[in-house]
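Here the structure comes first, spelled out in structure tokens, and everything after it is commentary.
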Amino acid sequence: MLAILKAAQVSKIHEHGLIFKKQRRVLADVSLELEEGRTIGLMGDSGSGKTTLGKILAGLERPSAGSVIFQGRDISRLRAKEFLEFRRAVQMVFQDPEGSLNPRKSIERSIHDVLSLIKIPKSEWKERTLDIFETVGLSEELLCRNPCQISGGQNQRVALARALLLNPKVVILDEPTSALDISVQAQVLNLLKNLQKDRGLGYLLISHQPEVVSFMAQEVFVLNDGRLTKSN
Amino acid sequence: MSCTNGATMTFSGKKAIRYLLAIILIFSLNFAIPRAMPGDPLANLLGEDVMLTEESIAELRAKMGLDLPLHHQFMAYWRDIFRFDLGYSYHLHSPVSAIILSRMKWTLLLAIPSLILGAVLGTLLGALAGWKSRDAGQKFETGLVLMIYCTPPYFLSLLSLYALSFKLGLFPLKGFYSTGSALDIAHHLMLPVIVMTLFSLSRNYMIMRGSVIQERGNLYAAYARAKGLYGEELLFRHVFKNAILPIITLLALDFGFILSGALFIEIVFSMNGMGNLIYDALLSRDYPVLQGSFLVITLMVVSANLLADLLYSRIDPRVRWQ
Amino acid sequence: MSMCHDMNAPILQVVGLSVRFETPLGLVHAAEDVAFDIHETETLALVGETGCGKSVVASAIMQLLPGNAVVDGKALFSKMDLLKLEEKEISRIRGNEISIIFQNPSLSLNPIIEVGEQIAEPLQVHRKMARRESHHVAKGLLSRLGLGERSLMSMYPFQFSGGMNQRVMIATSMILSPKIIIADEPTKGLDRALARDVAAEICKVMDLTGASLLLITHDISLAGMISDRIAVMYCGEIVEMGKCKEVLGEPLHPYTRALLDCLPERGFKPIPGASPSMIHPPQGCKFHPRCPHKTQECMQKQRIRKIDGDGRQVRCWQY
Amino acid sequence: MRSGLQYFAVSLLLAFLILGTAAQGEESSGTTLKIGTPNIVKSPSLVGDYYLGIFAHLSNPPLMKMTPDGKIEGLTAESYEVSDDGLTWTFKIRDGLRWSDGENVTSEDVKFTFDYLAKQDPNTAWMKDVVSEILVQDDSVVFKLKKPDSSLNLELATHNVLPKHIWEKVENATEKIDEGEIVGCGPFVISKTDLGAGIVYFKKNPYWTGAQPKIDAIELHTFSNMDVLSLALEKGEVDAYWKYAGTYPAANVQKLKDTGKFEIEEKPNVGFAMLGINLKREPMSDLKFREALAYGINYEEILKLDAQGYGQVANRGFVSPSMAYFKETEQLKYDPDQAKKILAEAGYKDSDGDGVLETPQGKAIKLTLLIQSSYQRMAELMVDYLKALGMTAEIKTVDQSTWYTLKESFDYDLTLTRTTPWGMMVYANWGSAYFDSRRTGQGVLRTVDDPEYLKLCDQIMAATSKDQLEEYAHEMQDYYAKNLPAIPLYWGEVITPYNKDWTGWVSNPLYGIYNADNFLSVQKA
Amino acid sequence: MAGDFKRMASCKATEWVKIRRLDMRGLRMALFGLLLFLTIIVLAAFSDIFAPYDPWNRFEPFLAPCREHILGTNDLGNDILSELIYGSRVSLIVGFGAALMATLIGTLIGLFAGYFRGLIDEMLMGITDVFLMIPQIPLIIILAAFLRPSFWLVALIMGALWWTSTARVVRSKAMQIRETSFIECSRSLGFSHMHIIFSDILPNILHVIMPKFLLTIASAMISEASISFLGLGDPTMKSWGMMINFAFTRGGFINGYWWWYLPPGLCITLSVLSLVLMGFSLEEREEETMRIE
């Protein structure tokens, strides 16, 4: 199968200071390929650059060297419209479940914001919302609540629902369950597995829990000191 | 904010650049503002009921360099600043630097004790008030301080002047001194210092109170409590030091504010300090004095800020080590 | 510890502890009818998921709850009811006879005070020791813990990693050789390897001081590793308690069983449904809406069933 | 700990209080007359500072002085003569005068003073235009004039005489700062100028040979706050009040009277508040319009509100009765109906019905009333009166220097301002300094360029006989009454309160109680 | 980071309480302030109804309080109660004008600096530092002196100078919020910068801006009164500071006409108090909820 998203010799150097710059290498020549319907696990100690790699792949950060290839094209060369397509096709879900949603907006508004972003006519909003809620296994009554009034697992599901509204091909999961209780972790992991089956999503699963990675991923990589190695 | 390896150089270098920039900009502003004012500066060289001929006007204008183009004046302005020459006040018939020097010491005599007293009493009482914010007595005290906080300084000065100096005759009516002896000066300064102390106390009190209320909710405070500290011991061993951090920066900024407060207090108590100097200069449009005063006050505020930064980094290791 | 105690006389006895919080949305039932004993040198683990009230129990014992908490019940410690003590009296016990380790080491330490001073502080507060002397003692303790090699004393919490700070907290908690140490989620947010290190550290401290440990954690495997007995909490109640091996080996309560099934080694089998609201908890057994074996009785009433003399008990109608 | 802190705070405050109240000022020995004044000395520069210059009339007496009945007599000069053509003035210097450092006062000193000041002091610069030469003849000084100036003697009552041996070394007179003793030749000399304390100290001139003063020292206490000055009077911290060309605020008088400790001297003020009119603009250039204005102002009310009734409604002849050769002209009258009638007759109508009158040319009358902030209250009244006549007026409040600038560029319609005694008397006298368009200066309006008026001014300047002067003076007052170049709002009074502990006060129309005669006669009761 | 700091700090005792606890005690003070402030606003808005007389009408001057004139009359015979009621307008307009402008500028600068970071942040904060170090009151007095008589300008100058503390607070909050994952989520979803700043960040810092806004109104009101007291205010407007100024320059103080200078002084204090009460209790309440959330 063809890789949808590729990291080609990506390096990242963090710079500090405005005048007297200090440099720190976070990633060095990392190459990685993501395909539809497959999960790649990414492990590593804290501070090994896992999240940075995820953000680079999601287009949220720029690599210092190397490139991110989306459907065969370097994303830094994409025109605005094509970049938007890439942006929608590659979504990211973050670790912190309670911080994933704007605390001042009701769940409904958070969903509606995304619907208006992808220019869905207002008349279809309700239908779409209920649809996606069913997909991620949430009940309608949560809609009028605020993020602080629902549990961490539910927050994570809403975040996932928002990402799914854009019909992504690849979802980068940054420690999606490490802040959740084990019972909720089990729920979310199973949900992710089902979604992959139904929608053919490609996952990059970033986690430090080997059990989680081995449960989800077909292929596991380990980041160590900015360098990527394949794990057995 | 994890730039732990951004060296100390970066931090102080950035600060230094900011301060330098601030000084340059404020000094330039200082040049521009008086010149943007309407009214011929020359008219202010003379008193009331003076009748002048055209020639002497032109003569004086040339003498003051006012016939030069603006950019020449600007260059001259900077040249003079580097020579610590703040110009000559034709109104007060003295070099501005000499005038300011003679006035500033009095204003500082008023401002610095007030600033220190206000800071010490304000933070201590404010910390206690924040620590026991639910206590009825503290609430009453906070209400009292709040009233002072909300009263314009000049109104407070006027009322206290009226009640304490005139009605009760406890303090002299005006000035920094009459005979000039130390006791006499202390007597004259007493009431203004008290008023200004109250005024700066009320500000520090409210800030410190809020700061303590905020800090006491932090986990380290709960942990300190779990270690067996309680009451004021907990406040002064742990919370106070953390809560005072925002005050330090504010104190420095307040320094400019205190000097401004001194302006009103000096006017009410008829004290010949910087405040009255600025006020008089303003009414008579004495540009050199206005400019010079601004310059000096700005320098003082900037150095107070610098001092606060140093102090801050002494107290907060997080700044020192970054 | 040289004190001579009957092994059966518990050092801390919690009876009928319930904690409620008054909030604008209603009364939150954070803990209800919690009862357990801790014996000398014993480790009891309080295990449960987020929001089950396990930390509230620890805070309640130490009187560290916020002002809107209403606490009922008893916590007997050397013939005193800790819950009824005045702030001044309990503060003599805190850190001295019972010390606590918080879950956020980096935030629990005062960011602008040297670590050494913070470790030595209990000596100054409780023993009125001079600064210099207390630092000396602290330094000695650190080297006994194997942390003496670095100039740790004069460093600040932000210069350390979370694991290092956790060690500082552990050192602080043991400096006065307390009778009980409460560890509230000591490994939360730490990497697995680090978590194991910290756990080992705690065990070492227990050996050194002979203190009893109340371990509060969501990490079942950690609890299994270091505790003698285990109590599983669900929605403010202890649903099952007993010897560690027995509870984990043959869980009785359906919740304990479901929870163990969620573990990675058992294949992430999820429990259906979500934790109930703490404001309007279900009638009867609080697990019944999610329980596959629920009966009519479960929906109305609860029952605590003691299984044998060893203190094994379960809150379920099945037994 | 907490209560300890609070004790600490309270005791700190108490300590301050006790320390403060214990430190009452020490008494100085001898009898010291303390005069409170709102005239602030800004700089210890004898030549440069306006008010210190006036205060120094005591230490460096001018050639001339004004007597209590308004005549000009010799002070440092014993006597003077004027030639028939009015171009040569000879002043004989008094014998036996000595500077406070022991040197004799000579005619050389006088000649030096005026040669020097004409060059150095903007206030004396007018001499360059008037005086062609100053000569010394034995003990006399001779002023040769370029053109006649009948008010030269008055001018010379305002300029201090300086010791040559001190000032000839001073390159720049206005920049000479001296906070210590200043060498003078009056009965008292300035011993210290303490701006910090706001006190100018005078001590006796040890070489003074004239009549001995009955007091040992004088202190001038300056107050920037009038209320504090009033309080100081009441508390007995100062013995008398003095303000150059001004009065004690009428609103504060009753309070002083109630104490029973004060003698309140009330004298007609030569200077007064007036409504200045920009004659160069429509419709103010129309005499009919000015007539109407004059009838539209409620003088009684202004007198009551602004001066608590201390004064009288002025006449159309402008100058006050206390001036020489006063002529009784018609009194100003408040008659709004008359005012409206005059306006209507002169063609000022509200033709578009918006409630605002239009000029005969059809322009709506919207006036700008230019004032400095101290005239705010009077301006509010004025706007009200104008409104009653059917005109709109906008108050434009500016600071002093802006007022000068706008006044100089005639950028106003009406203004409220004040004349001073000196200003009324100087130049061609009778207020001419304020109106003659050929004059310049900060307080002057210079709005009149009517040749008739200008000629009158020249004639007065050249007049040599008293009869001539009286005739011109009456002519000038008639001119004012007829043409109304400005409207006096009321003739006020100079209220001077002084403590009954002191007697023997002497005052003159020019400087009130601040004159050498007074300080020689005043004594502790 | 401070935000996470507090959030995590709260986890300990309250990990299970997912609702905001409202501090009713603080709110009671805020409510009192609000009531007081509303009263003043109503008085200002309907001055013509509440004032017994036209404040420009002249009666007998220097009347002591009596039945016809509850607070007596001033030197011109204006009814002081009516002046007082009309005077609230100037104070309020200046206060609101200045605070609106300051808050607007401060919020925008703070948001952009905090969100974009880097060079923009450095520049904006550099400017803020400069403004922070300008001795403001003297500058305001000077500018007020030559730009008078419009009090609108006074408000504008204050607004142009007083945004700094708002900017700093907003910036630090924006920086905290920027680091939370919902902002990353929004970016990942493809929302524009402007949408993120104004729809995601701004609502989350409104609770910080609001008390700042109220406190800025309060200090603007004090400054207006101070400037008027110096005689540099708008003399054609009846304002409280102007009333005190007249009372003190026209013998009200010396003659003990307390009804002339005390009421405007008290009015200033009370209206500032009302704002400060609201401001401080909102700020403090904010800290309380931070702890609980």
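Labels A, B, C, D and E are assigned to the chains in the order they are written; within every chain, residues are numbered from 1.
Here is the rule we go by: a residue touches a chain if its C-beta (ideal position, glycine included) is under 8 Å from a C-beta of that chain, and two chains touch if they have at least 3 such contacts.
The structure presented is a predicted model; accordingly, all values stated were derived computationally and were not measured.
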Those chains which touch chain B and also touch chain A: C, E
Chain-chain pair with the highest tally of contacting C-beta pairs: B-D
Centroid spacing, where centroids are CA-atom means, of chain A and chain E in whole angstrom: 44
Interchain centroid distance [CA atoms averaged], chain B/chain E, Å: 21
Gap in Å, rounded to a whole number, between the CA centres of chain D and chain A: 85
Rounded Å distance between chain B and chain C, as computed from the means of their C-alpha atoms: 53
Residues of chain D engaged with two or more neighbouring chains: 231, 399
Multi-partner residues of chain A (each touching 2 or more other chains): 18, 151
Multi-partner residues of chain B (each touching 2 or more other chains): 14, 38-39, 218-219, 222, 231, 233, 267, 283
Parts of chain E lying in touch with chain B, wherever the complex brings them together: 1, 5-6, 8-9, 12-13, 25, 122, 125-126, 129-130, 132-139, 141-143, 145-146, 175, 218, 222, 225-226, 229-230, 241, 244, 248, 253, 261, 265, 268-270, 272-273, 276-277, 280, 283-284, 287-288, 290-291
Residues of chain B that touch chain E when the two form their complex: 1, 14, 17-19, 21-22, 25-26, 29, 33, 36-39, 134, 146-147, 149-155, 158-159, 162, 206, 210, 213-214, 217-219, 222, 253, 256-257, 259-261, 263-264, 267, 278-279, 282-283, 290, 293-294, 297-298, 301-302, 305
Chain E - residues contacting chain D, complex: 56, 58, 61-62, 75-77, 145, 148-149, 231, 235-236, 246, 248-251, 253-255
Partner chain E, residues of chain A touching it in the complex: 18, 55, 58, 60, 84, 87-88, 91-96, 99-105, 113-114, 117, 148-151, 159, 162-163, 166
Parts of chain D lying in touch with chain E, wherever the complex brings them together: 226-227, 230-231, 249, 251-252, 254-255, 304-305, 373-374, 376-377, 380-381, 384, 395-397, 399
